[in-house]
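Letters A, B, C, D, E and F mark the chains as written, and numbering starts fresh at 1 in each.
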Amino acid sequence: MQSKTPSQSRTTMTDMVLPSETNSLNKLFGGELLARMDRAASIAASRHSKSITVTASVNHVAFNMPVPLGSVVTVEAKVSRAFTTSMEVYIDVWMEDVNGGKFKANEAIYTFVAVDDSGKPTKVPALSPETELEKERFAAALRRKQLSLVLAGKMKPNDATELRALFMG
Amino acid sequence: MQSKTPSQSRTTMTDMVLPSETNSLNKLFGGELLARMDRAASIAASRHSKSITVTASVNHVAFNMPVPLGSVVTVEAKVSRAFTTSMEVYIDVWMEDVNGGKFKANEAIYTFVAVDDSGKPTKVPALSPETELEKERFAAALRRKQLSLVLAGKMKPNDATELRALFMG
Amino acid sequence: MQSKTPSQSRTTMTDMVLPSETNSLNKLFGGELLARMDRAASIAASRHSKSITVTASVNHVAFNMPVPLGSVVTVEAKVSRAFTTSMEVYIDVWMEDVNGGKFKANEAIYTFVAVDDSGKPTKVPALSPETELEKERFAAALRRKQLSLVLAGKMKPNDATELRALFMG
Amino acid sequence: MQSKTPSQSRTTMTDMVLPSETNSLNKLFGGELLARMDRAASIAASRHSKSITVTASVNHVAFNMPVPLGSVVTVEAKVSRAFTTSMEVYIDVWMEDVNGGKFKANEAIYTFVAVDDSGKPTKVPALSPETELEKERFAAALRRKQLSLVLAGKMKPNDATELRALFMG
Amino acid sequence: MQSKTPSQSRTTMTDMVLPSETNSLNKLFGGELLARMDRAASIAASRHSKSITVTASVNHVAFNMPVPLGSVVTVEAKVSRAFTTSMEVYIDVWMEDVNGGKFKANEAIYTFVAVDDSGKPTKVPALSPETELEKERFAAALRRKQLSLVLAGKMKPNDATELRALFMG
Amino acid sequence: MQSKTPSQSRTTMTDMVLPSETNSLNKLFGGELLARMDRAASIAASRHSKSITVTASVNHVAFNMPVPLGSVVTVEAKVSRAFTTSMEVYIDVWMEDVNGGKFKANEAIYTFVAVDDSGKPTKVPALSPETELEKERFAAALRRKQLSLVLAGKMKPNDATELRALFMG
């Protein structure tokens, strides 16, 4: 399979914050944003792999900025690294108010597995990052994968060479 | 107010077709697509006018291609012409299947009015089209406006010079 | 197939405007009304044709009157003309406030195609209009069909005899 | 206040059964039908009382006929009796399949209270039944009210003269 | 089949009142609560019978306390009596406000039928009540069943021995 | 403020997997489960703090087991540690099929901040864990907090004493 670039999977989902998605402070529920990011990231992973994809995990997500009712939210998702049958997808979220102000609201990282019609994992193309930011995220993806394996008890901390460097440097 | 280009209002809304949006043939309801296009076009009009916008009218929309459950639908909206307080928004719709096939599914044209907090119409910037396609759509917008006024009985067919040319040419 | 009257397909859908359907001015989204009208009109077309129907097109729709949260909206749809496998459906929309005031809010015209289980178009009964208004709408439907064909480039303006009369009269 | 007839409050809500409203047997959830009936009946009560109304109780409702995905469901609600500040609303439900078959699917009886903007009960007009069926339902409403009071422990069985007759006759 | 206790079917559904579920007084729609209770009770009936269940009927439900937007609502459902293929489910509803106040908001009784994959009724285990309250509800269930049969015209009032006692005592 | 136990905030949300929440393999969307967990965890945090709460972050979540349409999903959330104005909430997810099989499907950890009506953070009571599992999760919460601060660049890896021990042991 030929490798692909992040921009080949870029997925942009711009939509309003509707009243049914807000809490009693008239701010977007965190859970609704998590669901939107999941749909956008899943489309990006499908565009990369040309197959059905299922959410495997969600990395640490911080909600730094409350998003008020009536805002316009743009979720942009791109594959940041491909492994054998799984893909890490990096998600950037912006919000705009009606006066045209535009702010970075969130970043999140989800992992998806490509599956066939019976739900069995299938191989995916490699990723070739192009921009500086894409290369940086590509490199960090390995550290995140090790961290995830260590936390799940599937890798010994000693073998997580990338992570050890971070904490022992 | 300084004029703006169509690309300054471009709004991209990519999302899946969910089971709750399909009919008994497992195809996307026309009405659901109309609602998605309305939201995307409304955001484009707000980006152009930096104000709240309300739907004023929908032009003829043809549904040429049934959109199956599980497809990815991309709605792209750009302001195609600005009048005093209203904006015509041109919407292009594509669908992708899971194998990566991508097809033009629809075109639609909506008109929005910019309003202030009390719902009163407010002025909007002019539009400066850049590409060939944008210039073509800009020119046709006037014909569509005349047609709309004639059909509503607010302009005499004799005064609709652009339209007369079409039928008498 | 025996012809049918418009009242045999009349479909009435009365429902509230819910908070999840309103914008930041607490008015019903145009897109939500388009979706309701699509469902009501599709039922009317199915009642006329006794088959599954799919939205083929939406004619010009004007939103003249903002519909506030808490209003009661009645959508009434009746087949206005039947062609070989397609039907034009005329939709009237009223709104009521809690004091019992009742206003005409909108008119819209949708076209549907009758299809079998595999999605293939099937024949539909002819329409026999009864009231003055039904006869008027029946006659105008032919003009609208010609206009739609001319705008889609499928009929030469010269052949659209009904329309030429309108602009040259 | 002048009395009103049942037909002055008649509310018709025709809509499809959507995939998001069905269980794993592809039949409409009882709870979804209860919610639709509540909205239709509440509109009927508001039309009678020209005020906001809130659901006070639901009488025994039997679900005799499963309603399959893709059916068209018509909910018709009419006020059947008015008390000082409350109204009994009688609801008839029909379903149609795509071949035009039409069946009575359900009957239900809800009670609503008319309230002002602060939620305080307000007086409502009396009801004058016209047809035989309306008169029959009007008479039975008193029996139902007594039964409801007895079951709630707010009336002694001995005082429920209408009910005693039923069981001792 | 071995009999089961009510606590083996206990189902707890705690969730917020969302803006899309409230009326213009910002109170939860009765119909939304009816739908939530239907889902919780259906799960309780499935836990008791280990089969698919469909709503057969809803007993008298009183809405004594308006539930404001932002409240937390807990619906608790337990099977209260099992008959051959049907189960009565008793539902208790509490609401909490943000200051931690907790109130009993409602009680309701639904009846479900256990069905196989083709929708045919199947046998269910008997119920063995344990607590005083469970025993009381178990006994009353027979009275309710007789009342339901009498009201449906399927049992003669004279044969409803439990009910006759109530009104003649 | 008096400290509280985890069981004082325990929140149980049992509900079905509906057709509108599933992908084309008829499995629950990861994003829908993230949204349900957010609502349940937010209620648990509000029960602990007796105030409005907003999502601050989501820790690593793994989706190990696909949840099919028609399953019953139980989300149980309990506060696992309280800091000055924030609370870590631990979420356990089980699924049941119609035959009564019950499986642990997921674990997740969210963090919430308690806020007043203007959105400003307010103090919350301390947490006193009781069971072995609660004590274990309480201890691990500090490690997770350090990791989160390191990853956000707000703490130097050298100062994260708990984490250093993990990787250097």
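The rule is simple: a residue touches a chain if its C-beta (ideal position, glycine included) is under 8 Å from a C-beta of that chain, and two chains touch if they have at least 3 such contacts.
Remember, predicted model here, so these are calculated numbers, not experimental data.
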item	value
Chain whose average C-alpha position is farthest from subunit D's own	A
Interface composition of copies subunit D and subunit F: same or different, split at half	different
Chain whose mean Cα position lies farthest from subunit C	F
Rounded Å distance between subunit E and subunit F, as computed from the means of their C-alpha atoms	31
Distance from the mean Cα position of subunit D to that of subunit A, given in whole angstrom	49
Rounded Å distance, subunit A centre to subunit E centre (Cα mean)	43
Approximate Å spacing (C-alpha centroids) for the pair subunit B, subunit C	20
Multi-chain contact residues (two or more partners), subunit F	19-20, 23-24, 39, 42, 52, 98
Touching pairs among all chains present in the structure	A-B, A-C, A-E, A-F, B-C, B-D, B-F, C-D, C-E, D-E, D-F, E-F
Subunit F to subunit D touching residues, read off their complex	18-20, 69-70, 98
Residue numbers on subunit C that touch subunit D, as the complex places them	11-16, 39-40, 42-43, 46-47, 50-52, 72, 96, 98-100
Residues of subunit F defined as touching subunit A within the complex	23-25, 27, 29-32, 34-39, 42, 52, 54-63, 66, 110, 115, 117, 119, 148, 151-152, 157, 160, 163-164, 166-169
Residue ranges of subunit E touching subunit C (in the complex, touch as defined)	19-20, 22-24
